[in-house]
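Reading through the C-alpha cells given below for one structure.
Read from first to last, the chains carry the letters A, B, C and D; within each, the first residue is number 1.
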Amino acid sequence: MAVTKAQKEQAAKFYETMSTIRHFEESIKHDSLAGEIPGFVHLYIGEEAIATGVCAALRKDDMIESTHRGHGHCIAKGADVNKMMAEIFGKKTGMCQGRGGSMHIADFSIGMLGANGVVGGGYNLATGAALANRMVLKNDKVSVVFFGDGASNRGTFHEAMNVASAWHLPVIFVNEMNCWASTTPYRTTCNTENISDRAYGYHVPGVIVDGQDVFAVYEAAKTAVERARKGEGPTFIEAKTYRIEGHYVGDPELYREREETQKIFHDTDPLKMFRIKAAKLKVMTAKECDAIDEKCAEKIKAAKKFAMESEYPDSSEYMKYVYVD
Amino acid sequence: MAVTKAQKEQAAKFYETMSTIRHFEESIKHDSLAGEIPGFVHLYIGEEAIATGVCAALRKDDMIESTHRGHGHCIAKGADVNKMMAEIFGKKTGMCQGRGGSMHIADFSIGMLGANGVVGGGYNLATGAALANRMVLKNDKVSVVFFGDGASNRGTFHEAMNVASAWHLPVIFVNEMNCWASTTPYRTTCNTENISDRAYGYHVPGVIVDGQDVFAVYEAAKTAVERARKGEGPTFIEAKTYRIEGHYVGDPELYREREETQKIFHDTDPLKMFRIKAAKLKVMTAKECDAIDEKCAEKIKAAKKFAMESEYPDSSEYMKYVYVD
Amino acid sequence: MRKLTFAQATCEAMAETMEKDPTVFAMGEDLARQGGIFGQFKGLPDQFPGRILDTPISETFIIGGGVGAALAGARPVVDMHFADFIGVPMDEIFNQMAKARYMFGGQATVPLVLRAPDGMTFQGAAQHSQCVEAWFPHIPGIKVVAPSNPYDAKMVLKAAIESDDPVLYFENKILYKEKGELPEVADQVPYTIGKARVEREGTDVTIVSYSIGMKNARAAADLLAKDGIKAEVVDLITLSPWDKETVLNSVKKTHRLCVVHEAVKQSGFGAEISATVAEEAMEYLDAPILRYGAPFCPIPFAPTLEKMVRVYPEDLYKGIKGMF
Amino acid sequence: MRKLTFAQATCEAMAETMEKDPTVFAMGEDLARQGGIFGQFKGLPDQFPGRILDTPISETFIIGGGVGAALAGARPVVDMHFADFIGVPMDEIFNQMAKARYMFGGQATVPLVLRAPDGMTFQGAAQHSQCVEAWFPHIPGIKVVAPSNPYDAKMVLKAAIESDDPVLYFENKILYKEKGELPEVADQVPYTIGKARVEREGTDVTIVSYSIGMKNARAAADLLAKDGIKAEVVDLITLSPWDKETVLNSVKKTHRLCVVHEAVKQSGFGAEISATVAEEAMEYLDAPILRYGAPFCPIPFAPTLEKMVRVYPEDLYKGIKGMF
C-alpha cells in the first residue's frame, strides 16, 4: 500500500508534538534545577506518545482534564508554548496570568480544562463536562481525563467511571501507567497487573496500548472517540509507559536505580520508537525528524526567551479573579 | 444421608435469628408508625437471611461494620435485643446509652462496630480493622462490611476493595443487593446487572448468592471466612434480595407499586423459604418453626417492655462520651 | 400576596430560572422520582423532563461533576441530600469549585449552586442534624448564603443560580415547611448576594443571625419587647461575603451585640461576626458581646439529650437582659 | 541539650512511642520508601519494619482505615501528605473519627493521630500551600494541635499518640527544617493537650498565635521591644480544646490583644480567640483587638502575588503601635 500524503502529514504532526514536548520539558528541567522556576515541576519525558496520540484524535472543542504532570497534555491539545512557558515561570503573560504555574496550567480556549494538583481530581470534572455537553448543552463534544496508575486508586475514579458508564457519557479515561506513584511502585498498592481490568467492573471496554507507540495510541483513541461521539459511552485506555524522570525535578530518587530507568528509556523512548516505526512505515525519514527536532528546539528557545522577558504579575492585582463579581 | 444433630441445631439457630429480626422489625415498625420512636428507622424485613447466614459463619470476636439498615446485623451478631430496643427508643439502658439510636446502633462487646448513617462509610472502617488485626495486633480476626447496592457506587468502596486486595486483608464485602437505593432503582445508576462483577477489577473472588436462602448465604460466608482467616484475602459476596419495606418507616413509596413488592415478598420471604428448604432437608418441621416464632414474639414483647420502662438518659449528662479525657 | 412554604419558594426559584435558561439543570439523590426528600424539587421533574437528574450515591461526582459541567458551560444546581455529607465532596468544593477561576487566571467560570439541607430535625442524631456553614466562609472563591424565610429562599436561590460564581446555599430542614408571604412574580426585588437585611429596627441591642437562628433572634426580640427593650434584628442572609457594614452600623446605633446560630459555638461563624465587631467597633460597645451556639458536643439521639444542644430564645433573653 | 530540627523531633516522638507500644503504627503515602516527603518519618521504616506503611493514593482509606484500626485496638498515626488534601477524607474525620465514641455511647475509643503538613512553601500555589486548621475546632470529638518549635513538636506528638482521643496534628512545612534545643529524654516534661504556653512575658500587649504564626508573633515582639513596648507572647499549641484561661489572664494583665495566623483571616481560628476575649474580657481591653491572617484569596503562584497573601511582622508591629 502506498503511503498517502495525509499519513505523512499526520506522522510529521505526531513527531512535532512529541518533539515539542520533549524540548519543552528538557528546557524546564534545566531551568528548574537552576532554581529559576518557582514551585514543583513534574516532567512528562518518556510519556510523550500518550498525550500526542490521544489529543490527535480530538477536535479543538473537545475537552481534556489533566494531571500534576500536565505540560505534555497541554502542548498536545494545541496550547501556545510561549504562554505555557511564561506561566511556568510565573509571569503575567502566562495563560493563567501567573496565578497557576506548572501544576495549574490550563488553556480553556482549546478545551484544556486544567492540570490538577489533586491527584484524581480530574475524573469527575471530565465526566461532568461530558454530562453537560451531551445531556444539557446537546452537542457532541467529547471529554478525556488523563490519570496515573497512582491516581487509579482514588475513589473518585470509581464514582466517575460508574456514572460515565451508567449514563453512556462521552468521556475517555486515559491511564498513564508509568509504574510509579511518586516513590511507590505500582504493584505494592494494587493486586492487578493491568489497571484496565477494572474497566470490566463497569462494563466499559478496557484497552491496553503500548504507550511508547504514538501510532498505536492514536488508533486506540480514535476508536474511543468515535464510540463516545456516537453516544455509546466511555472507554478505558491503559497506556503502558514508564516514568523516566524523578517524580518531580529535584527528586533524589532514593527508591530506585537510576541505571535501570536509563536502560528502560534507552529501549523505549517514544521519539526513538517513532523514528523506527516511521522508517518502517515509510512515512518519515530520520532527516525529516532531525529537521523537526531543530525547529522545536528553536521554538522552545523562543518560548523561554518570551517567558524570561515577560514581567511578573502586578502585586496589586493579586485579588483579581477570585470572583467574577 | 442422615441429618445430624448439629445440622438441626444450626437450622434452628438460623430460624431463631431470622425470626427474632422479623419480630423485632415488625415491632419497631408498629411503634415508629405510632410515633413512639424518635428519628429515622430503616427496616431489614425480607433481608433477614443475609445477616443471619453471614454472622453464623463468624466468631464472636470477629468484627462487622453495618449500615443505616443495621438492626438485622446487630441481632445476627448476637446483640441483646433488650438493649437494642432501648437504644432505638432513646433510653439510658440502650447499648449506646441513648446517644445513637437506630442509625448508630452498635455493640462493641461482640464486634458489632456500629451502624452508619453515612452510606458507604463502613468499607474503610472494616478494612482498617482487618489491617490492624492482621498486620499490627497479629491475630486472626476477620472483618465483614455490609453494604447496599446504592452504597456500592461510593468511592470509598473502591479505595477499601483495592487496599484489601493488594494487602490480602481479612475482610469480606457483603453486598445486600435489594434493588433500591432509597427512591432510585439500581439499574438507573449502574451499568452492570451484577455488582459482584466489580470484584474482578480487584482480582477478588466475586460470589453471587440467593440472599433469601440462609443456607446458601451461610455456605458462601463460610468459604469467605476461611479464606480470609488463612490470609488469602477478601471475598465479595453479592446477596440478591429485595427491599420489601419503604426506604424508611413512613416512606410513601411514590416511586414504586406496593403490589409488586408484596408479590415479591410473597414469593421470596426468607422465613418462608427457610421453612420449605428445612422441610426438604428434614432439619426442621413447621411446628418447630412455629414454636420458635412464638418464643421470638415473646422475646421482642419483653424487649419492648424493657425499652418502654427504661428511663431516658439524664439531660445533665449530655456531654458524656465526647472525649475520653 | 401568596402564602408559600420555604420548600415551595425554592421550587419557584428553580422553575423561573430553568424556564429562562436551558443550561440550568439539577442533579442529586432522590430528586427526580421523589422531588427531593424534603419536597424542595417537587414538580420540577415533570415540568423540566431530563433536567432534574437522579444520581448514584456518589457525592464526589455530584459535586465534582457539577463543577465539570459548569466549566463546560452549563449551570448546575447540585443537591447535597443532607449537609452532613458535605465532607464527602469537600475536596471538590475546596480545591476545585472554589479555586478554578483564580488558579486558571480568570479563564474558568463556575456558575454552580450547591444546595445543602442542614440542621436538627427531631432526633436525626449525630450524622443527620448538623450545621456546617462555618467552614465555608473560610474558603475564598465560593459564596455562602443561608436564607431564613420563604421570600428570601426564593430570591436568594434565584440570585445564586444567576450568579457566575459558585454559591453554597444552606437551607434548613425545619424551615422547609414554614409558610411565608411572597409577592406576585412581578413585584419581586432581586436579591444581591452579600446583603444583610435589618428585619426589625431597634435602638437597644443588635441581634444578628441567619437561617434557623433567626427564629431565636425574632423570639428573643419579642420577649425583650415586653420588657421595653427594643432589639434590632439583622438577618445576615449571606455569610460570605458578609455584610459587615449593616452589622457595624446597627451596633454603632444600639451599642450592644448578640450573635446566634444553631451550629456549634466554638469556631462557628458567630465568632467571625463577634470578632469583627470587637475589632472594628469596640469603642461603640456598652457591654461585652454575647454569642450563642450549640455546646461542643456531637448531636445526641435521645430527646432528653438533644434538647440540651439547642439554643432557646430564653437564653438570648436572659443574656441580653444582663447587658443592661 | 541537643539541637534537632522539627522533623527530627517528630521522628523521636514516633520512635519513643513505637518502642513502648507495639500497637502504634503509621500509614500514608511515601512514608516507607522515602521516610515522608519532608523527612518527618526518616529512619523509622528501618527501625520498625512493617509498622510504617506506604499506602495507595486513597485518602479515604488512609484516614477511614485508620479509624477502623483504632476501633480494633491499634494506635494508628496517619499522614495527610499535604494538609491541602484533607478535604478528601473530611467525611471520615467529621462523621466517623470525631463521633464514634459519642454516638456509640462510650463503647468506642479512637486513639488516632492525623498528621497534616500545612502552610506556604515557596510557590506551592493554590492546592499545596494551605492552612485549614480552623475547620476542626468546630468539630466536637477531635482535638487539634499545632506546635511551633522542635521541642513542642516532639512533646505534643507524643501526647497526641498517647491520647485516647483522636488528635489532628498540624505541622508546618517551613518549620520542618527549623532547629531547636531539646533536652535529654529524662528531662522532658510531658505535654498536656489543651495547654498554652506564655512564651515571653510582657505587660503591654498580648500576642497570641500557634504554629508558623509564632514566627510573626516573636518577630513583632522583637520589633516592639526596640520601642520599649513589652509584648507578652502566647503560644496556643492546642487549638481544641484551647486554653482560654491563659489568654484571658494575659489580656487582663496587658489590656491589649493581637491575634495572628497564616490561614485566611475570615472565619479563621483567630476569630474564635478574638470573639472569646471580646465576650469574656472586653472590660479589660484598652484598645480594639487586632487580628491578622491572609486576605480572602486562593494562594497564587507567582512570587509577586504570593508575597501579598502573607502576613509580616511589620504588619503586627504597625498595628500594635497604633494601639498606644
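The criterion applied here is as follows: a contact is a pair of C-beta atoms (placed from the backbone, for glycine too) under 8 Å apart; a residue touches a chain by one contact, two chains touch by 3 or more.
Quantities reported herein were computed from a predicted structural model and do not represent experimental measurements.
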Between A-C and B-C, the pair joined by more C-beta contacts: A-C
Maximum centroid distance from subunit D, chain identifier (CA atoms): B
Distance between the centres, which are taken as Cα means, of subunit C and subunit B, whole angstrom: 37
Subunit A and subunit C: spacing of chain centres that average the CA atoms, whole Å: 40
Approximate Å spacing (C-alpha centroids) for the pair subunit A, subunit B: 45
Distance from subunit D to subunit C - Cα centre to Cα centre, in angstrom: 30
Numbers and ranges of subunit D residues touching at least 2 other chains: 55-56, 58-60, 84-85, 88, 91-92, 95, 102-103, 125-127, 140-141, 296-298, 300-301
Subunit B residues counted as touching two or more neighbouring chains: 96, 98-100, 104, 116-118, 153-156, 159, 162-163, 166, 188-190, 322
Residue ranges of subunit B in contact with subunit D within the complex: 63, 65, 94-100, 104, 106-109, 113-114, 116-118, 121, 123-133, 135-137, 141, 143, 155-156, 159-160, 162-163, 166, 320-325
Subunit C - residues contacting subunit A, complex: 22-23, 25, 50-51, 53, 55-56, 58-61, 63-74, 76, 91-92, 95-96, 100-109, 140-141, 143, 163-165
Sites on subunit C touched by subunit D in the complex: 84-88, 90-95, 98-99, 102-103, 125-127, 132, 134-141, 240-241, 263-264, 266-272, 274-283, 285, 287-291, 296-298, 300-301
Of subunit A, residues touching subunit D in the complex: 38-40, 90-92, 96, 98-101, 103-104, 116-120, 150-151, 153-155, 181-184, 188-190, 254-255, 312-315, 317-319, 322
For the subunit D and subunit A complex, residues of the former touching the latter: 29-30, 33-34, 37, 54-60, 84-85, 88, 122-128, 295-298, 300-305, 307-309
